[in-house]
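As structure tokens, here come the structures.
Shared between the two complexes below is chain A, which has chain B as its partner in the first and chain C in the second.
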Partner chain A sequence: MKKDSFYIKHIRPLIKHKVFTLILLFIAMVIMFTLWSAIQGGRFFKISTFKNILNSLVISAFLTIGAGCLLISGNIDLAQSAIGAFGGMVLATAVKSWGLPWYLGIVIGLVLCAAFGSLNALLVTKFRFPAFIGTLAMASMARGLMYLFSSIGNKGLAANIAFNNAPLSFIGAGSIGPIPLGIIIMLVFFIIYGIIISKSRFGLKVTLIGGNPVAASLAGINSTAITYILFINSAVLGGIAGVFNTARLGQGALLALQTNQFTGITAAILGGISFGGGAGGMGGAFIGLLILNTFQIGMGVVGVNPFWVNVFSGVLLLVALAFDFIAQRRSRSVLKAY
Partner chain B sequence: MRKETFVRRLLRDKASPLLGVLIVLTIITMILSSGILHGEQISALFTKGFMSSGNLLSVFYNLVIQCLMLCGISMILIGGNIDLSVAGQAALSTMVFGWFCKNTSMAWPLALVITLAMAVCFGLINTFLVNKLKFPPFIATIGMASVYRGLCNVITTGNNIQISRATFITIGNTSIAGILPATFVFALLLIIIYQFVLSKTTFGRTIYMAGGNPNAARLSGIKLNKVRLILFINNSILAAIGGLLWSAQIKMASPTAIISAAPDMRVISAAILGGVSFIGGSGNIVGAFIALLLLNVFDNMLKVLNVQSYWNVFATGFLLAVALIIDYINVERRRKSLLLNR
Partner chain C sequence: MAKSLEFKGISKSYPGVRALNDISFTAQGGRVLALLGENGAGKSTLLKILSGDQKADEGEILLNGEPVSFHDPQAAINAGISVIYQERQLMPSMSVMENLYVGSLPKTKLGLYDKRKLYNNAKELIDRFNIDIDPVQLVGRLSVAYQQMVEIMKAVKRNSDIIAFDEPTAPLTDTEIKILFDIIKKLKDEGKVIIYVSHRLAEIFQITDSIVVLKDGHYVTSLETAQTNETELIKAMVGRDIGDTYNNLSRNTDFGDVVLDVRNLKTPYVHDISFQVRKGEIVGLAGLIGSGRTEVARALFGADPVTGGEIYLDGEKVSFKSPREAIDKGVALCPEDRKEEGLVMQRSIKDNIAMPVVDRVSKGLLIDPDAIRALAEKAVDKYSIKTPSIEKISSELSGGNQQKVILGRWTSEKMETKVLILDEPTKGIDVGTKAEIYQTICDLAKQGIAVVLISSELTEVINLSDTILTMHNGHITGCLTRQEATEEKVLALAMLE
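And then the complex of A and B:
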């Protein structure tokens, strides 16, 4: 009897939790790749592989956190990666063309990103743009301004800006002890945001706005202010991703984060943040991101043709959604049985 | 009497400010690009720069695939769904068509039929994911987009396929008076037909209802899944035809050309700019078409005026934002006047 109640109290909610299915999926994936590479005579299951995986998700992690918080509140930001690329380019311009120290470059970049974010929020709250289309417009403007910045030190021609800066290359590729700096920062961010979203009053408000905006406004929550905070947060996190990208490459690249427009959103939704808002957390988003990247790196380790990897990652996304669907249907049928 | 109400309705329509902006923008472009400010003849207004036959032809050629996608996407948006995989579908369709044309000796209409049959399958897959597995359309179609794009590259390891079927290429490159491509006329016809279906038939009204209030629609006996099925399949076929016409114009099947041109994002922007609601239930195709013209004329203006390409990227977004703000001001004014009347 006692055992039973412990099961009901602690184990069952754990199993029922959305994140649990995702962790199972992740474990299944690791086992699959381990066996697959063993057949081919290689090794997938080693520390360096996981280090690679974590390293590869640093940049998209910041995008995922920002996009995830916004999605929970029922909004969406398609400009995030473009704003991030812009921030990275500002950093490169500041360091190379203006000769500013690296920390000032980062601050200027992130402040400009925040300005873009507040503009996004202004369009969505004051002018009531659909977030999808308003941020799409901002994405295009941010990319254009990025080209403009890149042309400052280049006689008016848009081009990549390469620079040499020891602290920045340490941020990009350095490590504290055996662990790369980027991974540490990323994990700290995930933990802080995870606590904010699931444990604080602010996180509760964010979830409520996403789940039921009318009830939220009746309960006296200032949704405009929160929307501002979340859009600025998303843009600044995009900017941090851009800074990391610039620091890693050693140059402000014109094509920076070009393929990342949907990365953050995809990972967040894969990790159980609902698209309409009102549900999900950072733990799930992290696992979602982990699954996406493990898959891609695993495919590389077992030597699948990169053209197929693209196909398979689409299929993976759908499979993960199917898992989610099955879990939901099970919980619905349980409800019906009651 | 009837005529007056028609004019009044036109003025009240959401698309009419857009039409005004379009006309003004076109005239400005004509004046600036023809060089009459720098001592050219007045007649240059219609022969040089924007209005030169070569430039108009390129504008219309670019519009064909977008118009076809516009019909499909607008219907889907009005019905309360979204499809982000259209560019992928168009690219994969052209690849399949190109593959059959190159590696088999079958007549190209047969290859066309096979391609269209495959497009129907794309639509079925998308519908299956949304209808049966209850995936959000947004994320399901992003997933499928990645699958379609990946498959394009798998077919030819990332290369383009030359298409050398004479009749097929002729269809893509025939033009009336050297200005108006036959394919564009076809696209215009489709827009008229789809607008008619949308506003004058029972099925069209069903789409509005399904998008505007799905619960009410379901309770009044509309089969939402069936509506979605028809819309997705229709969209896939249109995307495939659009892709094929594009490949007929450039004489090869090139997925990268289609995907990097990103016609899908432009079409979705145009639809929403033209008054199609993103969550469904309102808007029409003609309004979306005017917005599409506006975006393309603007793009072309920057090109014929030799503006640096990065300003082009910036200005496209800026224009979109300005248009949305104008729309907002309009809506506000109308709401205030309604309140006063009360």
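And then the complex of A and C:
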């Protein structure tokens, strides 16, 4: 009797929880790659593999957190990585061309990113643009301005801006003890945002808006203010990703975050955040990110042609979306039954 | 052979509601038949069955004496039946002629569509009706009236024998109505069967030849338009037995001071609205759909902009720019559409109850899960919401229990609701639960809440309210006490032209 209630109280909800399924999926993936590379006579469990996975996580992690929070509120930001790349370039320009200290460069970069974020929010709330369209236009503008910044101090030609800066290279590649600094910052961010989304007043409001914006506003939740905060948050986190990218490469790169345009959204959806909003959390998003990166790097370790890696990543996203849509359709048919 | 359309024993049920009950009548070619009834009488359901949009549970439709059965709207159209709904079914970004001939565009030898022929055909059709429309004009650029005419021409072009209109004059101006009536007369002279659904009695006397009255899904009577009058029609539309539901209610009889005082309120949708609600009083807003009741509610709640007039709450002048401001001053609204506007359906009961008071059940920046749970438990107890747990997802509750969750939200101990506005609180709710909700509303009044009740069910609004205000076309047209109100009086005021 007592055993039963323990099972019902603690074990069953755990199994039913989406994150649990995701962890199983992650483990299955690791096993798959281990066996695969064993067949080829190689080893998946190598320090270098893990280092690769962890390092590749950092930049995508900030994108995932920003995109995830917005998705939970039922919105989307396609400009995030472009804004981030812009922020990274501003940092490089500030350090190299203007001779500003590194921290001022970061602050200026992130403030400009925040401005982009609030423009996104303005388009969506005040002018009622679909977020898809509005942020797509902003993405183009951010990329354009990034080229413009890169041409400052370069005789008007757009080019990568390389610099030498010890604090920045520490941010990009340094470690505290054996653990890379980037990983520590990333984990701290995940924990803070996890608490915000799941435990705070703000997080509950974000989820309720995502579930039904009309009902939330008629129940007195100020969705405009929250939408502003989330778009600015998404842009600033994109900017942090851009800063890490610039710091790691030691240059403001023209192609920065180019391949990361949909990484944040993909990882968030893989991690069980509903595309339509109103469901999901940071724990899931983290696992989603792990799955996506392990998948991409694992494919490389077992020697799959990089072109195919992209194809399979697409398939992975389709599968995750299919699950989300099936779940949504099922809940809608429940609604219809009444 | 003369055209005719016969309904024979049509019945239709939705979960919890019997929308149509053994409806039988015949419409003859060359005549206009009016379908008349209150909101929810079953007119729209009948049209949906006629158009093949829904299937009847029982009974059959005879077209020119032959039984017909439609699986989808296209089958009905092919059989010669066109139903013209209030919502246009046109493609706004296409031209008039393309809309008219979609599905049967004339083709050239190369298989492209023949624009010249299309233009000529369309022009010919338009000229037949003597309407001033350019065939190449985009439909989206036309006024509502002209869009409606395009739809009528589409029906004529398909050579439909049966043409049904659902409240066609609602969006039209007087001149446009005249043009519409000319067209209807022309169609009638061509021997077509015309079915005309409208609330507007004056029009019915102007344009129809016979009238079928429906009530609560039942057939009441058939009348010749020339041999009846408004009084007789209104009488036919109302007058059912009310039962004991209302007599057994334990009501509040002790009213306090005026809580809500609305003076000359004006919004883009309603004009010159003035009324008062006292502490513990239930004031009902009666009127037809589209008369502006919901718009008054939204304006009071800060959900729609107010363009004129004043609102006083406990003697203090207020003007709400958002629902949040209204909620903080003690005004609450249970919206008409629970699923779209009331609840976050995929969230739990407790989240839905805590929604407006998230900031009041917190420890600093974090939420206080225990406080939220306690709040929800109390609401579940108070309104006997049938659920195994407060964690249950709202979409899995029945309509009645969903409504109780919303009532629980607005009357939790963290709220200080002084004015509660209920928009269609029993819509789609079964009879048993309705009675429970009626008593709940009376109990809330007893606790001193000023209640504004909006309902399309006349019996409900008359028997529950202490004072009944009737609305028509965005104006208040009358004010009756429960003792003096009868369905006839209220309906007459609500339909006043």
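In this text, the second predicted complex is superposed on the first by the 314 of 338 C-alpha atoms of A that agree within 3 Å, B and C clash if a C-alpha of one lies under 4 Å from a C-alpha of the other, contacts with A are read in each partner's own complex, and residues count from 1 in each chain.
The criterion applied here is as follows: a contact is a pair of C-beta atoms (placed from the backbone, for glycine too) under 8 Å apart; a residue touches a chain by one contact, two chains touch by 3 or more.
No experiment lies behind these values; they were computed from the predicted model shown.
> Look at A:290 in the shared chain and tell me whether it touches chain B only, chain C only, both, or neither; answer first, second, both or neither.
After superposition on chain A, A:290 lies in contact with neither partner.
> So in the superposed three-chain picture, is A:123 touching just chain B, just chain C, both, or none of them (first/second/both/neither)?
first
> Should A:207 be classified as contacting the first partner (chain B), the second (chain C), both, or neither?
second
> A:140 in the overlay: touching chain B, chain C, both, or neither? Say first, second, both or neither.
A:140 contacts chain B only, not chain C.
> Name the contact category of A:222: first (chain B only), second (chain C only), both, or neither.
After superposing on A, A:222 lies in contact with chain C but is clear of chain B.
> Of the partners chain B and chain C, which touch A:322 in the superposed model: first, second, both, neither?
A:322 sits against chain B, while chain C stays out of touch.
> Looking at A:132 after the superposition, I want to know if it touches chain B, chain C, both of them or none. Which is it: first, second, both, neither?
In the superposition, A:132 contacts chain B only.
> In the superposed arrangement, does chain B or chain C reach more residues of chain A?
The partner making contact with more of chain A's residues is B.
> Given the touch rule stated above, what does A:282 touch, chain B (first), chain C (second), both, or neither?
A:282 contacts neither chain B nor chain C.
> Between chain B and chain C, which residues of chain A are contacted by each of them?
The answer is that chain A has no such residue.
> Enumerate the contact residues on chain C facing chain A in the complex.
These residues of chain C touch chain A: 15, 301, 303, 322-324, 326-328, 333, 335, 339-347, 351, 354-356, 358-359, 362, 365-367, 393, 395-396, 398-399, 409, 428.
> Residues of chain A touching chain C in their complex?
195, 199-202, 204-205, 207-208, 211-212, 214-222, 278-279, 331, 334-335, 337-338
> What residues of chain A sit close enough to touch chain B in their complex?
For this pair, the touching residues of chain A are 123, 127-130, 132-134, 136-148, 151, 156, 158, 262, 266, 269, 275-276, 305, 307-315, 317-318, 321-322, 325, 328.
> Which of the residues in chain B end up touching chain A in this complex?
These residues of chain B touch chain A: 129, 133-136, 138-140, 142-151, 153-154, 157-158, 265, 268-269, 272-273, 278-279, 308-318, 320-321, 324-325, 328.
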